[in-house]
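A, B, C, D and E label the chains in the order they appear, each numbered from 1.
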Amino acid sequence: MFEGSVPIAHYLTLSAVLFVIGIVGVLVRRNVIVVFMSIEIMLNAVNISLIAFDHYLNLSNGQIFSFMVMCVAAAEVSVGLAIIIALHRNKPTVNLDEFNLLKW
Amino acid sequence: MLLKLTCLVPLFPLIGSIINGFFGLRIGKNAVGIIAAGSMALSFLTSILVFIGFLLLPEGQHIFEQVVWSWFGAGDFSVDFGFQVDPLTLVMMFVVTGVGFIIHVYAIGYMHEEYSFYRFFAYFNLFASAMLLLIMGNNFLLMFIGWEGVGCCSYFLIGYYFEKKSACDAGTKAFIVNRVGDFAFLLAVMYIFNIFGTIDFSEVMHAAPEKLVYAGEAVTIITMLLFVGATGKSAQIPLYTWLPDAMEGPTPVSALIHAATMVTAGVYMIVRCNALFNLAPMTMLAVAGIGAATAIMAATIGMTQFDIKRVLAYSTVSQIGYMMLACGVGAYTAAIFHLVTHAFFKACLFLGSGSVIHGIHGEQDMRKMGGLKNYMPVTYWTFLVSTLAIAGIPPLSGFFSKDEVLYHALMDGNIIFWGMGISAALLTAFYMFRLVFMTFHGESRVDPNVHPHESPKVMTMPLVILAGLATAGGILGIPLFHGWHILHNWLEPVLHFDLANALHHSEHILHEAGRHAPSWAHLLDPKEHNIWLEMFLMVFSACVAITGIAAAYIFYIKRPDLPEKFTKGQWGFELVQNKYGVDELYDETFVKPTVEASNLLWKECDAKAIDGSVIGTAKIIGWLSKQAQAFQSGFVRNYALFIAVGFISLLLIMF
Amino acid sequence: MELLIFYPIAGLCVALALGVIFNNSPVGSAMCLIGMMLGLAAIFVLLQAHFIAVLQIIIYAGAIMVLFMFVIMLLNLKQANSADWVTRDKNLFISILTGALALGIVYKIVDITFMANLDSPAILPDTFGTVATVGEALFTDFVLPFEVASLLLLAAMIGAVVLAKPKLD
Amino acid sequence: MFLTLITFLPIIGAILLAFFPKENEGAIKQTALAVAAADFLLSLLLWTNFDNSTHKMQYGLNIPWIESWGINYHIGLDGISLLLYVMTTFLTMLCIIASWEVKKHIREYMMAMLALSTGMLGVFISLDLFMFYVFWEFQLVPMYIIVGVWGGPRRIYAAVKFFIYTAVGSLLMLVAIIWIYFHIKQTTGVATADILFITEHISAPLDTQKWLWLAFFLAFAIKVPMFPFHTWLPDAHVEAPTAGSVILAGVLLKMGTYGFLRFNLPFFPQASYDFMPFIAWLSIIGIVYGALVSMVQEDLKKLVAYSSVSHLGFVMLGIFALNEYGIQGALIQNINHGISTGALFLLVGVIYDRRHTRLIKEFGGLSKQMPIYAVCFMIVALSSIGLPGMNGFVGEFLILLGIFQVNGLWAACATSGVILAACYILWMFQRVMFLELKNPKNMKLKDMNMRELITIVPLLILIFWIGLYPKPFMKTFDASVNNLVSKVSPDNFRPKQDHNAGEHHASLITKTELAKLNAQLKTSHN
Amino acid sequence: MKPILAPESIDLIALAPVLVLSVFAMGVLVLDLWAGKNKTLVMFVSLVGLLMTAISAFAKNPIPAFAFTDSYIVDHLSLFFTCIFTLSSGMAILLSEDYNEREGIKVGEYYALILLCTVGMIVLASSTDMIMIFLGIEIVSICLYVLAGFKRDDPVSNEAALKYFLLGAFATGFLLYGMTLVYGSTGSTNLFKIADFVKTEGAQSNPLLLMGIVLLVIGLGFKVAAVPFHMWAPDVYQGSPTPVTAFMSVGPKAAAFAAFFRVFTEAIPEMAPSWEILLCVIAVLSMFVGNLGAIMQTNIKRMLAFSSISHAGYLLIAVIAKSSLAGSALLFYLLAYSFTTFGAFGIVILLGRKGQENLEIENYSGLAYKHPILALSMTVFLLSLGGLPPFAGFVAKFYIFSAAMEEGFVTLVIIAVLNSAISFYYYLKVVVFMYMKEPTGEFQISLTPMTLFVVIIGIIGTIELGIFPDSIIALTSIP
């Protein structure tokens, strides 16, 4: 029963689950950093399906794509963390809900 | 050619009014008076010239039309600004210009103390020219100009003392009540155009028998509408209520407008349209009935009033009722005859009353008069003559005219009309002499510190002239020998109507339209003129008149206490004295509800419902925008949540 | 064989991911994240995408996470204050909603995934996923993205500098 | 070209004014007046050189504007628009005189006035749907500014209401316009918004026609305003400055009726015929309703505003009689309403300037204090209740005549408006002009001064001129109306026998029927 | 192992604008080191760069031309969009000059970032491969994250940056997932290949593809700030430095719409039946929420943000119509919109001064009688935004509505029309304050040349496009 390869659907499911966990993280956490990590989880989740599709279709676009995703992730992280630092300079907190000047 | 002068007749008073209106204040009262009366005199003379010109017309031509300019039109509808002269017009022209001139003269004296003398005469002349337009117009719309013009002028003149609320109300009331009539008139005109494709009198009257079915729906509706118009102008039931109030105006106004001329316009119009009315038996019945009813009702009210002018006003209403009755039974000559004589004696009576009021400084209540005959003899005698005339004492004019009306009521109508007419005559004689006795005889009840005096010449001369006319006016229609009847022969061309031919056409039309024609044969069997019966009736009505006078004499000279005894606590009397409560009735049924409805419409419907819905929409949008704002909580988390929700909902839409 | 490896790792990844978001202290979350990324690398290996697997470890688990840790330390975030949790205060409603939402989405996606008939995997050559293959693609067909990515990084760099510099001259 | 010049002269003047120093009020006013007067005189030339014998567009100019959409700058005047055009320039001139005393931001005021004038003129001359719409919307702005800046206490509310309410309608019209544009493109292959071309070629199926008709209807009915859409009018009128009200009543409302004549009827004759009863009843309700409501108003301007609702009801009724009488009556009534109501607003303005109130109960007995004013007021009032011999009557009678041809009942209901008109006008007049002069504030009112007389007298002259000799006015649109009627006449749609005969001419022979009988006879002979 | 041959599809001429601009961007960075305090030189250099970019965009012909194995295209759309981008960036830079002077943002990187952002937009508008599109979007976004937070000492600005960044990254996740699924279900990242696949294999009902589309809609919808993915827009627009706000609301939006239009009309037009409905819902929501939200606003930047949301709704109608006419309409609308918006923001900037930005609508009370010309031009811009003739906005709306009407989306057009009626309300509100209220405070307006210049350009553009749009329409119309 342990023969044969894993059906792609399972990989996709895994990625979906991780993706949603990422979403939930964004929704429920107030710690900027953690929210940010959750977003990273989402990106990673996507990577899984990219590779899975590559594997399934015998193509390499997906891998290129995920390569790019990593660049993007890196870039975003750098900028994002920079922003967080800048924020922290004016307002020493990482609690998202305290950034609430702009509303209505 | 003299007839070319026709258009000048209404023009002179118009010019006079314009001059007085614009420069009256500068040129001084005398000049104003001269201009006003002069313009009337001029148009009177012109009418005489026109009359001569008319007599010179070749044999068989009984109408002259003069189109001044083409007024307006659209498509195949067009209406000219044109005058027509025919025997009927001429008669009316003489009445209006003649009596009008006399009353103008009188007014110069009567109004002399007024500050805005010029305004009065501007209106007065304007009225005269409007009235002339009314009678001389050669089509319905031009007549309508005059028709509304006179109404408008009477509005001004009734409200002449515009600081008195009652005067203003009376004026407004007169205008609006008249408007009700005009509304019907207007509809009639449209209907006429719809059928005839023209609104020219001569053409319409000529084409009537071919285009209309005898007793058909169309003609009945048209004539009914016209008649409603007439009731408005001529103060017949149910639209008569404005006339008594109109007495708020200066007395000359009452004399000229509300006795001699304007109020008779309705009668004139019906006679003018006789060709239509002849085809509408039902309408005729209505006309006669309303006329007779008005005659009696007004007379009864007249018996109970104490304001001298109101009494005369009601008597006017009742006399016009007579004329209507005459029209209703097809005796158009009689109607016109009575119109003319009435113009004479009623004008005289009003002016007389004016002279009385003038003599005792504006007192109008007869209970504060009495025994004036010694103070103002001329007024008294002229007044008496006219009273006898209206009461129908031979050989004064009123006798003949009224008698002719009654005769025809009996012959062409039926016994009921005659009965009503004769009883109205009785009442007339009674209340008129009641008036005379209360005013001039008995002991004076005048306020002691008022010294009655006779009026100046300029006021008494007209009285004399009018009294003379009231006496002699009967000549126009003394029916001594069969067929010898000046007025009748004179009006023949206007009133000629060939019933047989009309019936023939109607049958033809109905046949074409595939309907069956009722038998009209009985309408055609001839009626002979029974001279002896007429003689008898004359005598009878004379006796009736005398009875009335006698009654009045008993009540107000011999036994002055009787009226008290009879009227005390009689609910009937109360009812009659406040005019059968018709005014109140109208107030309750029409005026108040309208105003309340309007208020409701405005406050509830307009402000709340209609505008409310508009504003409501705006409010809803505002509320929604508040909601839209509320989502912008400013928390990143919620924003993300929205994205997620959007995601799931889009998924749901997709799958 | 694959199966035996896949499911535990997958489970582990999910667990760690949950750990990331339900962990009170940022540091803990970061640790979980690293773990998850390593797990993913393993999964990439299962999928024979060795090149990406390596990158995953180097870039993500390496660079990026180091950056995270660095920032956390820099801002020396201690035990997260209790207000950090949505679920622990009034916004209960939202959190429940989110939970429902999450399950809903998962269900939906999985449902869809299984709807699609993905049952004819291609026969993979041995070269699949090797540096050579990927590299070739990267420098031929996808040379433009590769170059553009450099611009992206440049922009990011400038941005990071501008924002994070203690003071702008 | 000449027409273009006249149309854009005012806005050029406005731009010119922008460079005047604020302080130099005299010069500003004089320049504005000069421009307006020049414009009016030039437009008179248009009238005098107008060829009454044809319904064709005159002074036309057609040059490409947005070629890629086939939209042209196509202008021209025909009988329907000529008088409105001239009246616009005329009233603009009067309004500038009337607002001589405006204190606040006079320069901006005059600029707005002139810009407004161009906007309105453009509406009447444009023969391209796109262009028409541009002007139609553009003129909202200056009017909005005029109401909003120089208006009464609730001016902003009124201005915004006016703008939004009108805009909503117009925007739906825009949808219809685009629809027509593509419809024409599909059917004829020509991409154009040319009104004349569309009038020739539009051939939408009936149900679509009805939708389009409704879209246009909404735009115009709000402008007119017809009964349920009228509530913006009282607010706008009450709050607007005198001149604003005059323009509003005199021209803006006419743009609605003009729209019906220019678009709804020629584009969708069938739909217009089908909607005839609907419009007729709305108009009749409007006539009676407007009259009743204005009877109980306490504010003079509001009273006049509601009376406009009533009068415009007559106009709409005339238009939808769909015969010469009605439409010609409607057109002349357009002019009449402009004159009479305009004059009424000017007169109300006169006492408003003196007393800064328009509440009827504040006045009474004025005719003692200001006789000239009273006379003018009287004449205008009588003309607005349609006294024969004055302008109001000509229009009303033709309209009623026209609608009577269609349905006697409608005519009767509408005519009742004549009575009510007398009621509210005379009652108002009595309360303002007659009775005793009680209110001490009115004791020392000045009578009208020269400037005010200059604004009023021309209108009074027109009142009598049109009342007694309207030919010169009516002959201008004779040809155009006949042409229009030939397109929209109900005979084109209703089943061939004349069913009027059945209903209320029961036992009589109408002209048409006689003609038919003769025809039958002829045929039977041959 | 065999050497890797560079593919012959490398075409630097087609890529010219990107290259030129990136070179200039770096150049500016370097120049900034020497330029010192006064950044005017830097500004001019970057303006020149933009100009040259615009010119170099026309280097490649005949168009349409494909390059880099069909992952990059030079066609009418991309060309015209490049022009719009350069124009908007140019105006943004002009606006920034005075503003930055005032707010003390003396950093050369600012310009470099704007230029890089523009590069991203160009890439976005002209790439036909999802990977490229993704990268383009990311470049743009990252630059904007930074620009939004450029007033580093201003907590509001920081907050804007943070929100934008977090939500942007979040949305990127969705976009990415969507692209992945599309790739997975069609086996390619190239738009044309996808189109072919869909056509040939008839994958209309492939659930993965459909879900991919949904996710794409979310990702792109976020970038164009369409409801319900719009929540960031008001906050970010309000918080960012005003020139950046202006820039954001024009350039990147336009770029996102370019991508939107490309993806949906070139890759998956076959799927139209399934995505039309989604876009219709979003469009309608955007129009309503945008307009309704704007009504209650008191801050003019926030109000304009909401209005730009509603404009996104109108623009989506063009995407839905997806005909070539719609494409032209999109171009025209965006051009008109950029003129108008920059003009309006220019005036907003002019009204502010150091430490007191005067962003409340009340601050505009009585402007008309202190600075009539300013007030008048503001009125023109607002009315044009509302779509009132004879201004650019009207012609643009007319264009889009026509396109939709031709495709038979009557209901959609009616809704849009009603919305512009609502929108009049809040545009007029500003007019009310400017003309109908008495001044509350004193205006100390320094008419700085650059900003004024932008305003003038805005006015000219708005009126030119409104009254004589023919030439531009001819340019925009896609053959």
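Remarks
The definition used in the following text is that a residue touches a chain if its C-beta (ideal position, glycine included) is under 8 Å from a C-beta of that chain, and two chains touch if they have at least 3 such contacts.
Model, not experiment: these values are computed from the prediction.
If you take subunit A and subunit D together, the chains in touch with both are B, E. Relative to the C-alpha centre of subunit B, the farthest chain centre belongs to C. Here the two chains linked by the largest count of contacting C-beta pairs are A-C.
Ranked by how close its mean Cα position lies to the mean of all protein Cα atoms, the top chain is D. A straight line joining the Cα centres of subunit C and subunit D is 71 Å long.
Centre-to-centre separation between subunit C and subunit E, using Cα means, comes to 30 Å. Distance between subunit B and subunit E, defined via averaged C-alpha coordinates, is recorded as 80 Å. Centroid to centroid, with C-alpha atoms defining each point, subunit B and subunit D lie 37 Å apart. Looking at subunit C, one finds that residues 86, 94, 98, 101, 105, 109, 112-113, 116, 142, 145, 149, 152, 155-156, 159, 161-163 touch two or more other chains.
Residues of subunit A in contact with two or more other chains: 19, 22-23, 26-28, 30, 35-36, 52, 56-57, 61, 64, 68, 72, 75-76, 79, 82-84, 86, 89, 96-97, 99-103. Looking at subunit E, residues 131, 135, 138, 142, 145-146, 149, 152, 161-163, 166, 170, 207, 210-211, 234-235, 425 sit in touch with two or more other chains.
Two chains count as a pair here when they touch; such pairs are A-B, A-C, A-E, B-C, B-D, B-E, C-E, D-E. Residue ranges on subunit B touching subunit C, taken from their complex, read 637-638, 641, 644-645, 647-648, 651, 655. In the complex of the two chains, the subunit A residues touching subunit C come out as 1-14, 16-25, 27-31, 33-34, 36-38, 40-41, 44, 47-48, 51-52, 54-58, 60-61, 63-64, 66-68, 70-79, 81-86, 88-89, 92, 94-95, 97. Within the complex, the subunit B residues that touch subunit E are 621-622, 624-629, 631-632, 634, 636, 638-640, 642-643, 645-647, 650-651, 653-655. Those residues of subunit C whose C-beta lies close enough to touch subunit A in the complex are 1-4, 6, 10, 13-14, 17-18, 20-21, 23, 26, 29-30, 33, 36-37, 40, 43-44, 46-49, 51-52, 55-56, 59-60, 63-64, 67-68, 71-72, 74-75, 77, 80-81, 83-87, 94-95, 98-99, 101-102, 105-106, 109-110, 113-114, 116, 118-119, 121-125, 128-129, 133-134, 137-138, 142, 145, 149, 152-153, 155-157, 159-164, 166.
Only residues 86, 94, 97-98, 101, 104-105, 108, 112 of subunit C touch subunit B when the two sit together in their complex.
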